[in-house]
Structure formats: C-alpha cells, structure tokens
C-alpha cells in the first residue's frame, strides 16, 4: 500500500515534468503547425539560465590567502563573490542560495526573447515547408544550441541546488497514519509539482479566458478563417511561440535542483516529450497533459522491484510499450483530432 | 594477392622514396617487410589517442587528451619530464621512443563502440598509428581492444572499470592500468565495515548493463563476506535521468545502506536524487542511513556537487596522494594546465609512458615484443606504489584508493579525500575467475 | 542497357565509376602534406560510405517514395548485425552466410514491425517505429545481454564453434573473409607522394552497393515504385482507384528493412563487432538526416547525404588544434593564434556544431538537399535555363 | 431492378441523424442526380456508397452484391468510380503517370508488386493511357506535373482517370464546385459526351441547378437526411416540396 502511494506520488512528479515540456511542444505544434525538434534545447537553455544566474551571483574577485596552500604548494587563491562585498556574507549567502527561484524572473524575459527571435528569424520561413524540412532545420538548431552551451559550460553536469530551506523531504506517511519514513517526498519535488500545476493552469486559463487566447484557439482550429476576419494572427502566433519557449524554459529552471543540468539534457527529453505529445494526440493540449501524467505514473510503477521481479526489463521499455498499445487502440492518441499530422 | 591487414606507415616512406624520380607508379605489396603493422620507418612514430570528445564524457575525454599531450611532451624531452624522473625503469631518455620523435593523432569515440572503432581504424589505416589508447567506458574499451588485436597494434586502455576488459573479453594486445569492479569491492568492504559496522542491510541500484552487473556482483560479494545483508538489488535503465521512483522505495525496504552502482551521468543524478530525498538524514534500524558509490571520479563528484560530502567510494588514483610519483605528476600537469589532474588523466598518462618504456626495453615497436616487455613487468614511481602488469590477463595490480567526499572543499577540484590506501595484496585475485581467453599476441601484417 | 533508360544507365555507370575509383578520388592530397588530413581514401571510411549509402538508399525507398517517415530503421540495421555476427560465431567467418542471414532476419523483423506500425500514418506511424526501435535498443543493452553482449557487444572469439571452418592456426585470430579473401586485406600503390589503398572489403561492399543501387533504380521506375509515389501523393485517390495502399507500403517497408539489414550485415563483414548503440534513436535519426540532406526521393541523394555526414564525423572530428597550428604556421604568430581560435570551435570536438550548421544551411538554402545544389551548379554552368523545373523549385520526384 | 439499390439506409453521428431512411434506385445507363440543401445528407449518402462510411441500418447493393463492409478499393474494383468535390489527383506525378495508375488498377487488381519492370515498357498500359489522354484532349500535357494544371484540367484528368477503369457507375460529388462559368460548361459538355459515348451509369450530387438540369434524367431531392421526391427534371422544377426545402436559399439557376 505504502509502495503504491509512493509510486503515485512519483508518477505525478515525473508526469508534471513530462506534461510541462509536452505542453510547450503542443502549443507550438497546435498554433504554428511546426514540428519543433529544438524544443528540448529550449528546456535545456532554461536550465542554463539558472546556471548562468548563479554564476552571475557568484561573480568573484580573488584574494590570496597566505595561510592556505593550493595543490601545487602555492598560496591559495580564494574566490570572494562580489555579493559578499556588497551585502555582507550572510545576506550574500542567502542570495546565492536562492539563485534557482530567482532564475525564474531572469529566465522569463530571456526565454520569451529567444522564442520570438527563433520564430521570426527561422521558424517563420518554414510554415509552408514539409514537416521533414522542419524537423531537419530545428534538429540542426538544437545541435547548434547545445554545442554552444557545451562550448561555454562544458559537458559535465553542473550542480545547481535548491535553496537550503527546501532540502529534505516531507513525511506524507505520518499524515496518513503510516509509520514514519514510509512515504516521504522531497520538498523541492512537491514544489515542482505545484509549479507545474500552476503553469499548466495558467496556460489553459490564458487560452480559455482572454481574448488573445480565444483568437489563438480559433486560429489553431482554422487559421484561414481567422485571418479572413482581418485579425493579425501571425503576431499572436509569434508571441505564442515566445510563451511556449518560456514554458519550456521555466520547466528547465525548476528542474535544475532535481537533476544537475548538462548540455544534452534537452536531447534526453526530446524523444520522450514527442512520445508524450503523440500519445496525448497531436494538437491537443489536454491530451498532452493527460499523457504526461499517464506515462509518468506507469513508468513509476514499472520501476518497482516487485514488478521487475516478474517482468525483468519492463522499466526499460514501459514508455514505448504503453505508447504502442495506446496508439494501436486509439488511432489518434488519447485526445487527438482527426487529420492532424496524419499525412 | 599479398595480404596486408591494416597497415600504412611503413609503405609510405618507402613508396615515396621509390616513386620519387620515377614516372612509373610503384606497385607495392604491402608492408610485409616490416613484420608488423605500421612499423615506423621514418624519424617519427605515431600514437593514436582515441578519447570521447562529444557526448556526456567529453570533459573526461578532454582531460585524457591533456594528459596525453603532456606525456608526448615529456617523451620528446620537453617540460619537466614529469613521471620519467620518478619511474623505476630508466629506459626512457626524453628523446622520443627508440630515438623517434613521438607524434600523435586524436579521434572521437563518442562513447559508442562503433564510432570508437571507426576512429581507431582511421588512426591505424590512415595515420599509421602503432598504438591506440584512451576511452572512457568499458563498452568502448572492449570493442577497440578487439579491433587492435585483429589489426596487430597495442591497445593501452584508458578509463574502463568493468571486470570484462581483462576478464572474459581480455586480448593479448590489450593492457589495462585502471582498476576494476572486483578491486573496488575488495577495497571498499573493510572500510565500510569499519565505519558503518558489520550488521547492515544494503539496497543496490544497479545500472542495467555489463559494468553495472560486475560492480554489483563485486560489492555484494565483498560486503556479504563481512556480514552485510543485501535486501534488494534493482536494475535501472542506462537512459534513466530521474531516479526518484527507484529511490523512493528504499526506506520502505528496511535497508540502511544504499549502494549506487552507477557511473557518469547516472551516478550524478541518482546520488543527487537520493540526497534530495533526505535519505542521509534518516535513522533506520537505529543507524544512520548511508550511501555508497563504488566508483568515484572527480568529474562525477563535481557534477553532484555538495551531495558527495561524506560518501565513500573507490578510485584509481587521486591527486592528493603524497608519493613522489603522484606529486611529480600533479606538479607537471598543474603547472601546464592550472588545475590538478583527474584519475582518467593519470591513468592515460601512465599508460602512454608504460608503452613507451616497454618499447625502449624491448628495443622494438613490434606489438609482440612490447607485450612481452609489459607482461609481468613490475615498476614503481608512477603513483599507486609498486605495480605489477600481470601476464595472465594484462591487468595492473596496485594499491586502490578508498575515498570520501570532502566536507569543506577549498576548490572545484578538492572534492574527495583519501580515507585509505588499500594495499595490492588485498585486491589481488586469481586470473582465471572471470574466464575469457587471452590468446596470443598478433603483430599484424 | 540492363533494362534501364539511357539516363538512368548513365547515372548507374557514373556511380559505378565513382565507387570503383574511390581510392583515387578520395585521396586527392599527397601524403604528408597539410591537406592529407582531408583524405578519406582509407578502407574504414570508404566502407562506411558505401554501407551507409546502402542504408540510406533503402530508407529512401520507404521515406522518399511513400512519404512514411520511419524513426526506427536503425533497429533493422542492428538486428541484421546481430544475425551476421552470430553466423560468424556459429557457422563460418565467410561473409556470404552472414550477409544473407542478416537480410532475411531484418526482413522478418521489419515485416512484424511494419505490419503493426502501418496501421497508423503520419507522425503516429513515426512514433510507433521509434518505440519499437527504442525497445530493441534498451533490451539489447540490458536484459538481452546473454544474446547481444549488452554494453560490450559481440565479437568473434578464438574459441567460438564455427562449425564450417577449420580450426584456427595457433595464435591466429578469426577474420572475416570471402572464400579465403580477407576483408581486411589491401593492396597499396604509391605514385610519387600519393598512396592509394585498394581494400578487398571495400570492393565487396561497393559491388553490393552498386547492386543495391541498381535495384533501387528498377524499383523507382517500376509500376510498384509509381504506386509508392502515388501513396505519398494522394492516398485517398489511390484507394478510390481500386488500389490497396497497405500491402504496397508494407512491401516498401520490408524492402527498406532488408536494405538496412544488408547494411548491418556488411558492417559486421567489414568490421566484426556489434554494439547495441547501433540501434539507438540517434542512429535512426541519422539516416533520416542523410536522406533529407542529400535530397529525399532522389536516386543519388541519400548516398550523397550518407557520404557527407560520415565524412564530417570521421574527418572533421580528427582535426585538433595542433594540426590547425601546423596549417596556419605560415601566418604571423598573433594572426595564427587568432585564426586558429576562430576555427577551433568548429573542428575536433566541435564537429557536431559544424554538422548542425550544415543541416540548417542546407535546408534553408537548398530545400531539395545536396542534389538540388548539384543541379543549381549544373544549371549555372549549363548554357540554357531549364524550363521543366516546377515553379517552387522542387525536384521532380524520380530524378 | 437498378444497378444501385439503396434500401432503408440510416446513419447517425452522435446526436445528429444525418441520414434517416434513404431508399434510392439508380437505373443502369442513366444520369441520376441527387440534390438538396446544405446539410441534407448528400455527402453522407455518397460516403456510404463508396465504403468511406458504414451506414447504421439498411443495405446498399451494387449489381446485386452488397457493398457494405467493403473497403473503398474493393468497392472500386466492383465497378464504382468516384470523382471528388475538389479534384483528387496525384499532384506529384506527371499527367501520364496519373492516367497509368487506373489502367494498372483495372488490369492488375488491387495489389501487384511489379517492382522490377520499367513501367513505360508495358505497352498495353502505355497505349491505354495514351488513348485515354487523347480522348480527354490532354495528350499535349502528357509530361506536365499534374499539380500545375488549372482546376478545370485537373477535373478533366480526374474524370479521365475514373473512365480509364471502365466503371459501371460513376459517382460525381459536386463536380463543378468552385469553377468558373467557362470551366463549368466545359465539364457539362464533357459529361454529356461521356454519357453519349459510353455504356455508363452516372450518379451526380450537385448544388448548381444549371448543371443538374443540363444532365440529369432522374433527380432525387434529399432534405434532412430523407428523400423528399424522386422524379424527372421537368417535374422537379416546379415541385412545391422542393421549393419549400430550398426556401431561403439563394437559387442561382433554378
């Protein structure tokens, strides 16, 4: 029982990460009809926004400490962050400690700008081109982006911890009357889940309740008619691309304490997020979110040792196996619309 | 048809000389005169440094390449001579190898066996490399080692920790300086017993591929021997990035130690996740919950950041060792690059030196002569104390380091501290236990 | 000739001449010169060119003709490779049974995958194929280790049974051969400072590639090929013209799967080793990129694309800063360093960056891939503007 | 007994009864038009005839055989060809290739993996396709890319492709929709010519009354999913029920 509750929690947490990335992907696909293989790269860049900000906050000058020696026996050079000089060590430490949450503010404008720039500079020219061309150009872009990041940040993962206030985990078990330590869950992952829920909710509300959103939704359904009505849908779509980029970027920022970011994390997520989107049904936002959670939960259950004892290797293939079964029983995924990306 | 299996360099200069003033093209039955593949005939000898330059281990590969460049510099008489000064064998003169200037070519393994073999073949076929070295995974090491056996060149393995490399997949032309899973287990167990007691329940998370299996096996066997109980062992996919669903059930199992048989990105992520879950703050069975990482590398420690603090693991070498060899290497490397070398850099540097020394002692580049010179070669002064290159399986036997994540690191490189130098005798095993067939050396051609 | 139109026959002859003369053409620079770095005329790379050429030709029969984008073709290549290596371990080091069995096994596997995947079309089909391939990869790497060797893969061992072969000579290693002709054996020919290598394995692979290429021309020009193009063009019309699209696409899928298996078998024949990462999704993606880069649906495009990508992977990645410094040594010191710094990010460990930039450049400026680039150059030099091109610059499908 | 017998066909989409209880009999070698206001169920009915939809109730018999449950390509092989509202041709292929495909389909059936023969060396097919192009007055456009043709010519090609299969029943779904007047007249002339020259039954769904009254011998009026009346064109013209059904709709030709 405890094990099952725990894996549901895990599934929700994993699912929220999948759903968040898939949401942005679907947003771009639904509005612009573009298959964006660079979406994983946007997620990765978001994560590196957090890395960059923490680097900025820890910008240092060196002082030579004669009392200590470095590995060559020379006097040790100690790095002192400028924030220590400006705010004192205690405040400085707090600021550095909170780098990841602060990065959200930093990442939003950066990601929207990158998204808009990408759309105007490149993607715009590919609306009418075959999907194969879109795949090639965005894949090329993804490689270029990740190589740039690798050039500046190296290939090794960079630890980007959560603020120390969120270290440790919350004991759900005692709340539900189980023994202590049976159902524990890290604070940061709970925050991640809540954050994902808020972002997903915000995107839906935005599309549902604002005029802007209504126009975009109408445009997703029938672009030509909306254009005939004299509405400049292009401008709105550009902004949607920016928003989608920001959603991916924020997912990346918040993910950094969970896994240390590295330059290829986008590629690692790319295939998975496409599977999620397709299982959800191309072009369906609720489908993408639902599929994210379904796959997240099933993946968690497949990783239980009780399950693996019966079916060894199930954890290796579960996502793909589920994808195959769903696509064979529901031709257009969970909530896909007819005629989208079927030719 | 005359047979030539993968060779080039020998022909090249002869061909050029013969073809020089002649209008007629020279037909050359390939390098049969040399007696072995890519016999260097000019004033230079080419070595092939095959390291990951792209992919997740690119930084490790970059460090390996730095070490090789340093080794080449020292072999050719440049720099401060590095470990040549402390090496017990004094065959190397700093005038290249056998008087030939050392040149090198580099390639990208991408940490994929296909790409690694393609790169190695291009070094052998195109550039005339007479020895291939480097790499950052056992899959690559085994694949390239088999290729070198076929082609008739020497392979000096880089970072490869699986028992298989000098176990079931061992080859007469391949040599490994790095330690292996078995040694990790043998070295770790006593320290774990001393620090955590002999009444412990261990939970293993194991990367689901060959290296993971051998490491789990080694750690299990050696810890069970000191009285630990293995509660469960769960295999995790190589492509896994989020290990939460594997870590969450650990506490429910009643285990009080978590062993992460993971390497590279897997290890960074699983350790980060485990610490996130607050496992190390828990009290289970009235004992502090502990985490163990059988194989450490500095780059992984760097990736996991503060999460490694106080966590035990093993490593081949560490720059804080105080023997003369290690100090000389750190000095040399640190002066050139500004930071201390990693264990990958050390093992690669030493491999290049050992190869050069063996050639000098054998008086020939012939792989069979080199192999003979390396087999049962005992040396000292290269870090890790007295070392034996065992003839039966071409595995180095030397001290193994047990390390622990440092509580108060002073820099990005100062993340681990040495807890114990496990003596060679404690990690030596019988050569036959892993099976495999060494075969006989192949000089090619 | 050979049942081909004059134009196609000329193309086949051209390709035949190019492949046969590859040891010369790919080694244009004298040994020891700074540009020798760009020589690609060594056995391994030449073999890779033709093997990936076969893979891409086969992929193009599916993707180029029917428009079905498979993201899982590397699985067939991998399965073919495993079949071949097992033949070499169990039966004989002769490459013939290995290659034949690899084609058959890949054909059977692709029939099963295709039969299921072709129930869906568009991106749903792509994801189904991707899912099958990823499952194959994951299982081969982990739980199937006893059959596949897992991480360390499979190589022929001295003590494998090999029931058809005689015992190895003492100290010998098992080597792939064609009735005694070793795949690794070469003849070298030195002319002045040039050195040309004629490798037996390469010529075996090249002849197989020519046969595969010839077969693909025949398929392109056949009624079957036209039906496949009709599937891509308008499946609705095809159905209402009394034609059943499913067996046509399935046949195309199996044929391209067998081509992939052939490529996999040849890879083992040339270099006797298999690793599971041969089936990873990036390997499937690579053949898609090869086709698009070269020119989807054209006869020669995929071969060009395969060559371009393999060339970059093997040549660019080997250039290091030392070599750059040698090249630009003639420049004044400061300038030399500056130029090297400028180029360095794009070579050696930065070769992925160059690859990404080339993908983008090709798809932005040459929508028809390298083939279109060639046509544009030809047009530039040709006297008259060709008028048969369609207005949007798309190449005619069967060129 | 007509060549096409539709009995009690009904089709429901969720809450919408698209077809109520349709009975229809098309006599061999006639031109039978089905007209009706928007949403009357014309297209649904057509889709039920060609296998795209399966009706919930009733039966559809073609030449004494049921078509229900058969795939579109099987129904086509039985002798029913369909012309779409927007011309459906193989846009990436040349005009000649477009014409060869139905010729192959007629001769070789629904699947024949003939992968090793040059299609242009198949004399029988080439001659047949050339003859059809000749008849359609398209011989000059032989090597053009089909996608580049005018809409009128695409329509002409599509009809030609259907005729190349020598169908017994030709179904046309608003064949002149969106066409300029000149193209519409050309199409009418073409259909008239076909009717005169061939033993063929034509069933046409049309909005444009000018087309209907130029061609049809019998007309069925469909409204709200059920046939209102079936009669000759002259009788339909003044029929009160038809006026009622079309009330409020602009009538361009009637």
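Letters A, B, C and D mark the chains in the order given here, with residues in each chain numbered from 1 onward.
Assume a contact is a pair of C-beta atoms (placed from the backbone, for glycine too) under 8 Å apart; a residue touches a chain by one contact, two chains touch by 3 or more.
Everything numeric here is computed off the predicted structure, so don't read it as measured data.
Novice: If I average the C-alpha coordinates per chain and also across every protein chain shown, which chain's average lies closest to the global one?
Specialist: C
Novice: Comparing A-B against B-C, which pair counts more contacting C-beta pairs?
Specialist: Pair with the higher count of C-beta contacts: B-C.
Novice: How big is the gap, in whole Å, between where the Cα atoms of chain B centre and where those of chain C centre?
Specialist: Those two chain centres are 32 Å apart.
Novice: Measure off the straight-line distance from the CA centroid of chain A to the CA centroid of chain B, and report it in whole Å.
Specialist: Each chain reduced to its C-alpha mean, chain A and chain B end up 35 Å apart.
Novice: Between chain A and chain D, tell me the centre distance in angstrom, where each centre is the average of that chain's C-alpha atoms.
Specialist: 51
Novice: With centres defined as the mean C-alpha position, give me the chain C-chain D separation in Å.
Specialist: Here chain C and chain D have centroids separated by 46 Å.
Novice: Where in chain C do residues touch two or more other chains at once?
Specialist: 138, 141-143, 352
Novice: Hunt down the residues of chain A that sit against at least two other chains at once, touch-wise.
Specialist: Those would be 312-313, 316.
Novice: List, in ascending order, every residue of chain B touching at least 2 other chains.
Specialist: Within chain B, the residues that touch at least two other chains are 58, 208, 235, 237, 239.
Novice: Would you mind giving me the full set of chain pairs in touch?
Specialist: Per the contact definition above, the touching pairs are A-B, A-C, B-C, C-D.
Novice: For chain A, which residues are in contact with chain C within the complex?
Specialist: By the definition above, chain A touches chain C via 35, 122, 125, 129, 131-133, 135-137, 139-144, 146-148, 151, 271, 274-275, 278-279, 282, 312-313, 316-317, 320-321, 323-324, 327-328, 331-333, 341-343.
Novice: Residues of chain B touching chain A in their complex?
Specialist: It comes out as residues 55-59, 208, 232, 234-237, 239, 241-242, 244-246, 248-249, 251-252, 265, 268-269, 272-273, 276-278, 281-282, 284, 299, 302-307, 319-320, 330-331, 334-335, 339-340, 410-411, 413-414.
Novice: Going by the contact rule set out above, which residues of chain D touch chain C in the complex?
Specialist: Listed in rising order, the residues are 50, 71-73, 76-77, 81-82, 84, 88-93, 97, 100-102, 104-106, 108-122, 125, 145, 147-148, 161, 165.
Novice: For chain C, which residues count as touching chain D in their complex?
Specialist: Chain C residues touching chain D: 3-5, 218-219, 221-227, 229-230, 232-234, 236-245, 247-248, 251, 255, 390-391, 396-397.
Novice: Spell out the part of chain A that touches chain B in their complex, as residue ranges.
Specialist: Counting only chain A, the residues touching chain B are 2-3, 6-7, 9-11, 13-14, 17, 68, 70-72, 76, 78, 150, 154-159, 161, 167-169, 181-182, 184-186, 188-189, 257-260, 262, 264-265, 268-269, 299-300, 303-305, 308, 312-313, 315-316.
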